[in-house]
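Paired with chain B in one complex and with chain C in the other, chain A is shared by the two complexes that follow.
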Partner chain A sequence: MNLLDYVADRWDRLSLQAWLHVSEVVQSTLIAAVIGVLIGVAVYRSPIGSAVATALASTILTIPSFALLGLLIPVFGLGALPTVIALVLYALLPITRNTIVGLAGVDPAVTDAAKGIGMSRTAVLTRVELRLAWPAILAGMRVSTQMLMGIAVIAAYAKGPGLGSEVFSGLTRAGSANATNQALAGTLGVVILALLLEGVYFLIARFTISRGIRG
Partner chain B sequence: MAENVSGVEIQLENVTKRYPGTREPAVKDFTMTIPAGKIVILVGPSGCGKTTTMRMINRLIEPSSGRITIGGEDALKLNGDALRRKVGYAIQQAGLFPHFTVAQNIAVVPGLLDWDKKQISERVDEMMDLVGLDPAVYRDRYPRQLSGGQQQRVGVARALAADPPVLLMDEPFGAVDPITRGNLQDELLRLQLELRKTIVFVTHDFDEAVKLGDKIAVLGDQSTIQQYDTPEAILANPANDMVAGFVGAGASLKQLTLLRVRDVDYHDDALTVVAPDSSPSDLRRQMTEKGKTYALVLDARKRPQRWVHVRDLSTASTLASVGRPVGDMVSTQSTLQDALEAILSEGGNAVVTGSRGEYVGTIDITTVTDTIQQLREEHDAGSAAS
Partner chain C sequence: MSSTTEIQGFSTESGSRRADRVRLFAQPVAVVVIVGLVLVWAFTRSNDSIEAESIQAGVLLDKTWEHVLITLVVAAIVVGIGVPLGMVLTRSWARPVAPLFIAIANIGQAAPALGVLVLFFLWTEWDGLWAAALPIAFYSLLPVLRNTIVGIQSVDPALVDAGKGIGMSSSGVLFRIEVPLAVPLILAGLRTSLVLAVGTATLAFFVNGGGLGELVDTGYKLNRVSVLVVGAVLAVGLALLVDWVGALLEEYLGPKGLT
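Up next is the complex of A and B:
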């Protein structure tokens, strides 16, 4: 049985795994985006706060994903929960860092003018600063998503959903029938999904970034 | 004039700003009345506190103590955001929102004030016309697609969009090239003729202050007022060495830019002759009778054409080509500086023309020097009396 036949034969299961893979990555990215932007907004005006937040997020990224899952399983058990927590933690760094950089990069003359013509503090943040930092934040989300696509494969060890289970099951059964096909289908699936998400990000950028600040 | 004034008076009383951890206040005990409908310029060296002073009027900086009233209303009792919506604000490099179109930028304050959509849209077009940007062309452009001067115009339009009685301008023309700056200054004066807002304008450029200001406040350290007077009075009689230093060399020359030919006693006793109606021999007789050596030949519409010396006439057959053509002329609208320029290049008298280019008189160097002398005496007497 060649790879194409294998994929056609197991399409139901593979497509479900693919869907679950994308779904957990996207949801984790969104949760991380909310948390990361909140952290960024909280710290960007203080150089010390920015340094601490970036350093903490970087520290998380240095923990091997395998080890982090190992630490989370005793606390949260197996399944989707430890997977999502791990993914969110890894996604935090690019998003938080880009939010801080994006917000700090807003021209002070623009925020001064915004305050000077009577925008409230919240309006300055939501209508001006975050809108101007948005390209950077979106770029951070994109990096996080791509990173999570790979990390989510490892999460199969915690019995998380997604294509990781295909890869690992294929690898552990190496030598038996269809083992290579299974591992390959999982891996290629991840690559294809990553490319598709890249396209989605391109479209989001196209429709949400003002023409006035598009690069 | 008074009924057109849409500005209101601003009063600052003993306003002080003290930053925590500094010994000396940034602004110390600042008291000033800014008259309604006038342009008042705060001018002074960098770091003297002029910007801090201005930013306390709309409370971008909260005063540590003192009282500020705008049109009689206590500015310190209002909500800061609400106050700032009623006070126009324009800054250096415009500070336009790069992600908004020109129209969206101008619409911000009316939007904050909850105007309805149709009203805002009409107002945007009106403001764009006012600052000389064609709405059809520029409405949907983004700031980065505009030149520096155009951005500055949009900045002024945005500041004026909600028709605030007061406009604060912080070195608004500091970042554009000198030619554009000159144009923007002219336009601000033109706008002000129409709008009559109370404008507080911060600059470190004294020439800009002289050009734009109804009154100028020269500020020293901690925003202490060194002199607060009309540009004419400051130029004629600087209150102290600091002001004199700031006015710089050429105060008298700067004064000349403030005076118009129509304001001075130019001569109107030159012998003139309308060319088609007269002949060289007629003119020669007249000149001998009146004891003049020079005469001015005009065309049929009384526009100055040529200067003629009496000895040119003996050989001339027609007045149309005799003598030498008139060079630089000035109109009654010209500044005395232009007049001086014309006098120097003409080598004596410069011809003064009226609004249709017709001859109205001549002006010479003594008229200019007498005027300066007279101004100086007036302001000396004024300051001695006060």
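Up next is the complex of A and C:
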């Protein structure tokens, strides 16, 4: 059976797993975006706070995903919970770091002008600074999403949902019929979904970055 | 002006020099303390016979060495292929094919590491060190390749002209001007590649390549949390140490005149 026949034959299961894969990655990215932006907003005015936040987040990213997953299993058991926790932790660095960079890069003259026309501190943050930092934050989310697509495959080891289970059963069934097709379908599926998400980010950037700062 | 730059791809660099300096000191200390505490805990608790089979100095050293070996082999392949390939692709006669190689390396990194590893195993039916090292090298090649190309391309053309003007041959310009100026970026790429390699090497046991991931798997399959934790913590410690070595290389091997 060649790959196309295989995919056509197992389309129901594969499409469900593809959907679960994308859904866990997108949800984890969104959770990480909320936490990351909050951390960024909290520390960007303090050089020491920024250094500590980025140092911690980059240390987390250095941890091998399989080891982190292993450590999460005894605490949170198997399934979606340890998977989402691991994915959110990995997504934090690019988002936090880009939020800090984006916020720190806002021209002080612009924020002064906003204060000068009577905007409150919150209004300056939400209506001026965060909007100017948005392209950087979005770029961080894009990098995180791409990373998580690959890490989510490993998470299938902890019985997390998604296409990783195809790769794993291809491995355990090595030598039997369709083992390679199964692993290939899982791997290529992740690559194709990652490319699709890349396209989605392009569209989001097109429609959400204010016209004045669009490059 | 801020000292940080936006992140555009996988990189563990925090991007701020202050954060880097914190990590340069804090990281090795944290590794020694945490790994030390976990080892003391693992060796002093009362292990049953299954745990005792894994938690003994010989086994832990073996697995750590296998892990280090994979990382070293991958680093050698990545430097041996990435840097020369990057140098060739920046020559004017090779410009048209450069995007092709970058695209291949990009796909290599976009593909899930575990998928690449498993497919290589299924196709070649090899196992052991090379079955793990080759796909991991393919997976971690991109940062060094890309940074070599970008590093050489961003050398000020005036410097290249000046080199030619004083009568340097084109290889003289490459090795005495372009490459030395690109070294900081190449080292940054190497650090990223090393971190990818040491992280992916935890998956090597899936293709019988050994490494610390095997302890995690043993602990999980036999339901012995202590073995799992020891394996995972050693893997984390090793990854942080490798990243730290990468940071040291960046700090001390870069040309002094540039920073």
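In this text, the second predicted complex is superposed on the first by the 215 of 215 C-alpha atoms of A that agree within 3 Å, B and C clash if a C-alpha of one lies under 4 Å from a C-alpha of the other, contacts with A are read in each partner's own complex, and residues count from 1 in each chain.
Quick note on the criterion: contacts are C-beta pairs under 8 Å (C-beta built on N, C-alpha and C of every residue); 3 or more make two chains touch, one makes a residue touch a chain.
Since the structure is predicted, the reported quantities are computational estimates derived from the model, not experimental observations.
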Contacts of A:D112 with chain B and chain C, given as first, second, both or neither: first
First, second, both or neither for A:S210, with chain B first and chain C second: first
Partner chain in contact with A:P64 - chain B first, chain C second, else both or neither: second
Touched partner set for A:R131, first chain B, second chain C, both or neither: first
Partner chain(s) touched by A:Q27 [first = chain B, second = chain C, both, neither]: neither
Chain B versus chain C as contact partner of A:M149, first or second or both or neither: second
Per-residue touch tally on chain A - higher for chain B or for chain C: C
Touching partner for A:A174 - first (chain B), second (chain C), both, neither: second
Contacting residues of chain A [partner chain C, same complex]: 47-48, 50-52, 54-55, 57-59, 61-68, 70-71, 73-74, 93-94, 97-98, 100-102, 104-105, 136, 139-140, 143, 146-147, 149-150, 153-154, 164, 167, 170-171, 174, 179-180, 183-184, 186-187, 190-191, 194-195
Complex contacts: residues of chain A adjacent to chain B: 107, 109-110, 112-120, 123, 128, 131-132, 210-213
Footprint of chain A on chain C - complex, ascending: 2, 4-10, 12-16, 18-20, 22-23, 26-27, 107, 110-116, 118-119, 121-123, 195, 198-203, 206, 212-213, 216, 219-220, 225, 228-229, 231-233, 235-236, 239-240, 243
Chain B residues within the chain A interface of the complex: 58, 60, 81-86, 88-89, 91-101, 108-109, 112, 142-144, 155, 158-159, 168
